[in-house]
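Which chain is which? They are A, B, C and D, in the order written, and residues in each are numbered from 1.
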């Protein structure tokens, strides 16, 4: 984020406290133990998320701008820094799940303490501090999504499959209308992508710049579970010609044969585990929890390809980013029937673009400059947001990024082709 | 355990409920999170210990002997079986720490449920069931010790070093009287070892059999922290000639330079972490949390050797096993000044004997036959019990066993020599 | 390679046999043992290279186009297929170094056998077969370079540091003229890149397509060893802010503190190992054997960046690709003083571009279609060729690719900046 | 080896040169590549064996006792020291196979050089040097066996299965006479084991000492391949109750389902690979290439057990140790029909005894003191010698030792039981 580019918007204070409240609301079903355990090195404990976003605010807003501020606990900087080298030593990422103390209750107290201090000093916060509050909101929204996907991963390791939000099964979920999704041509030739203008954006979304695109078309909707089953039944996971070489190694080494969280019951029926528990795969919903490798293999099988991030962005630019199936409140989070042509929400869409800097990119100065730039190797860009992305967080220029084997986020795909 | 050899003793019922109560008393300081996390594959969560010993009773006493008994929860057999192949599939050992649900509270309810059922049916339990209650007591006592050592290991991973039982520092702990420990010759020639007679013993403690011993002497007390520091200062951890070859590989691969839980503060002072927190190493206490490799290297450095288990047993046979520094109640558990010549309690003593079957050993029939025999490769015998071993649990013939690199138990050493 | 696009050029036969001869000439110093051992999973034994390129010709030219052809040995398809899934099962890559038999002598016989068969049938080979001969030449040239870099890696593991081509030390090598390399602006705006026209190119080099470039400049020469030492002395390997996050993890995990094959003698002088043995680092030569991570960190330190592959290509398009410091004959292979502004030869230059398909890319049909496309994840593009690249093999559109941590090729960097 | 206990025997010089000659004769079929490659960390290249035993003589006989002796090559101490910490730094064990130079020819020159120097100085060698020549003979005999088993392991990795000594198949090998092997009771009560008296023995074979044995019987012959197939067909490899816990983990982790070097052809016939190539399993021959875990599981299945090393030794004491099926000359080495009741030769026999020091054991002083003692953890004792053990090398008190999962030696088993 170029801190200088962040405008202090009207309604910042309300949005700040609403964001803070949503985070805590999302954790209502959590026990102290649920909030403490880490299920793999890629994920973090819920307690860590709750504390880390608070540490971010405490450090960059309060410590740096409120002279008389006293840290809630001097140990927390060590425990809850994520990866900011400029902020000093920190606890090993893979050992975050061993911190049984402080408890969930103490972390909630920490949150209240920091919020109260920000409220108390709000009127005296300088412009740069308010810009960091805006960054803190955006940052916390990202962790809201991670908190949900990390809890989902944790609960999926439990052989009794607890539901985070138990809900009745929706009656007609398995009815699938194979409605031959159409193709929509996008604008081509010399185009511009990247963020520019008013409002918040991360540093990696800019600068806006020209790109030259060949004629292309994107599918009107993302790939569905029904279509994914055709791929599986057609031997998609066992034909090396469909796969990137690294992907094929991954499939064989890990024994991958279905999306993450899918399992077959003794009748051969496919079930998927979600935040509402274990239930039959909904054929009409978009496929999710797939890796870039799987998305790419599917596209090869379908004689299509993944879109580039530039194609996705110019095609999405004409849609309102706030209208998709995004996160508004606590409650069962699952992708919905893939019917709408709005590209935002439901599932993140893998693109074929490696996550690299745009021409002219410069990381922000200071610790917050470590936010994006240093991750620009080995990862692929995802676009669009998911059902676990807080509404208001994504936009057409938003660049999410993960390694090609990762799939514990709500990741899916939209096909592209040359025309 | 040869089930047929277990006598049903007077006072069994009282001992049973006292043992069950002590387990729960030991867990009073635990939060739900503390009880859930697993800090390494060798250890288990406290919640798992609490449930596993209960599953043992539920399966072998209630399910097998009380026809109308209904399991508390059908999932628990899968979750809380440890290693009994005869009892079917079970949860992966290394993933025990991912089970955030059931909660600690639910596990405590499970305990109450099983205890009530045993109480209700006590008068109708057949002899074989009562023998399994006796085995269940012994089994639970072993897990009481593991529960404490596993919590100690977990808390030691937390950079804020929480104390399980915070206590004031005892004033004179650092005063060390180097009182030239004497040697005591043991009985040699044709001797007998192994359990025989009334009372409970595990199957691996027998049969009693003849062994021929060369003349030997054992040191009157175990090695102290002060002596261990001489070893460290004399380069004990960096001289390969003192070490077993596998031990030297371990030292180099793991970067071992002190007992487990020791650290130096910025002044160079050695601290050790215990269930009462982080405090200065007590020079007069016995060294503990050392591996067999370290014990063997120390003995080489001291121009001595480790005792064999037969030497240890014949020397210990004349001492009362119930009088050492053993576990009676909740509260700070640490080895005490090594002054007493009683060989029981304080720290487990590594012997130079591999854990192998005695002549004529036969494992018990059925699932409980998996208790000991199948572990008889690669491990060494320890004798004597520790400050975390419940009083009444050990005896002269008791054989504990661990791999030579393991050191999260309260393990120490006593020197031996030929005379 | 789009097989249909390969023209059968005048002089093909002469080039074919000259290429085959150069390969064998390069292996003159090899013993049977040298040719057999594999020093890491990324490399292959020299014997394997010699056989694999021959298997490629035997399969795709002789077996597929000469009906009466009989394979030299039926085992060789299994032993010497590299990664062509369409060609069936093959020997595990990491176990290539365990094949002590067939011997080097037998492999040289195999080469002669296949060459004789091609010569005998040359006049009857159809157009498609001749296109595959052309591909076979290009393929063998790639393996000539790998053969040299793999031998270098193997010999570097030998504590006696044998020289592949022992040579006297050149007297003035250590004289470094710091001649303030200039910047040269490249053509920007709407440009075209990718191969088009007569002559051979690999499939991944096309199709030619438009790209839009921002104004930029490239350094006139690649970074020298002298400059690299400034970076090292300035703490370049120990400042996390300079590094990509994955790069910093790699530096710490592997203990990286200098280019591959560098070591310090007891006087602190830096030596580097090459095909001519171990000698003092030549300050005026270009730095080589660095990873993308190191190249990127250096560029950050120098307040510059790596060029994109498009920038590199449009800037290089005006230079003759055959005039650089490339491989002509056996003999000591080392990068030379970095004086010339011709971008070809000496060291491969890491670009900041991920190796991904160009718009409209389609892999060739059949087994040869596995040549390039399936490797398009996780790797970065290198451009320009090195001192170990056979003359005539590279061109402006040529895309080499390796993972960002790999550095056993002759890899270096050229700085770029925005203007 | 207690150096002071080694007598200088009549005929030492002849035995020395005969041993040296046999080593080279065994390597006649080796190419330079065969002699260089290392197929797993446990094994060593043949070239390394040839050089290491020579380095042992050069260091401990020539360097230490012939003042004017000049080392053949100063690098060799670093390259060919095995594990003697007292002799300084050495090449990493797992990287021995990367040393393509010096060549096999140079190593053979090294052997000649050292032999000539010993011959030239023989008459002036002091008593201690001659004792070290005796140790050198014994040491070289051990490496003759390892050289053969290591070559066997290497060739078994080659998918074309080269025969080291190709031979015609013996016609009647598959005829198996199931001749109900008898049991033979051994001497029990107070017995003595361990070496004492004239002749050479390793330090770990002593001191001779009393042991008390319960009544026991040993099977007259070792277990045959036919019997092993009954075990396999009865599900021996898939029943966890038969296995030690560590053994069961090993079976599952490694996917073990047959002895090492066994494979099934497409007709389901079992073949085994040996130094004479791949051929049908000889049902009447003793099973070999099995681990301690497999031997122990077989014994459980057969309602028997492994003998202790003391039982084996007292039972073997009455047999001539030089009359078994042992190694005399180069040529196909395979266990023969298990008909003879002589316990020596054919296959090493796993015992149930951990390899630990005898009472009163003291390692020899100096570097040769590292020969045995430091390996006394985690390993099991094998007794009797094999078809690859040079005749004259073993005796009743001889203790061989390997880890319980290792099986690339000619290892088998003999059953024992209580009577």
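The rule is simple: a contact is a pair of C-beta atoms (placed from the backbone, for glycine too) under 8 Å apart; a residue touches a chain by one contact, two chains touch by 3 or more.
Quick caveat, the model's predicted, so the values are computed rather than measured.
Going by the touch criterion stated earlier, list every chain that contacts chain A and also contacts chain C.
none
Taking mean CA positions as centres, which chain lies farthest from chain C?
Max centre-to-centre separation from chain C belongs to B.
How many angstrom lie between the centres of chain A and chain B, each centre taken as the mean Cα position?
Whole-Å distance between the two chain centres: 46.
Could you please state the distance in Å, as a whole number, between where the Cα atoms of chain A are centred and where those of chain D are centred?
Comparing mean C-alpha positions, chain D is 59 Å from chain A.
Show the residues in chain C shared as contacts by 2 or more other chains, in ascending order.
none
Considering every pair of chains, which are in touch?
A-B, A-C, B-D, C-D
Using the touch definition from the top, list the residues of chain B that touch chain A in their complex.
Interface residues on chain B, with respect to chain A: 31-37, 39, 75, 78-79, 91, 95, 97-104, 154-155, 157-160, 162.
If you look only at chain B, which of its residues touch chain D in the complex?
These residues of chain B touch chain D: 83, 85-86, 190, 209-214, 240-241, 243-248, 292-293, 296, 308, 352-354, 356-357, 359-360, 370, 374-378, 380, 404, 418.
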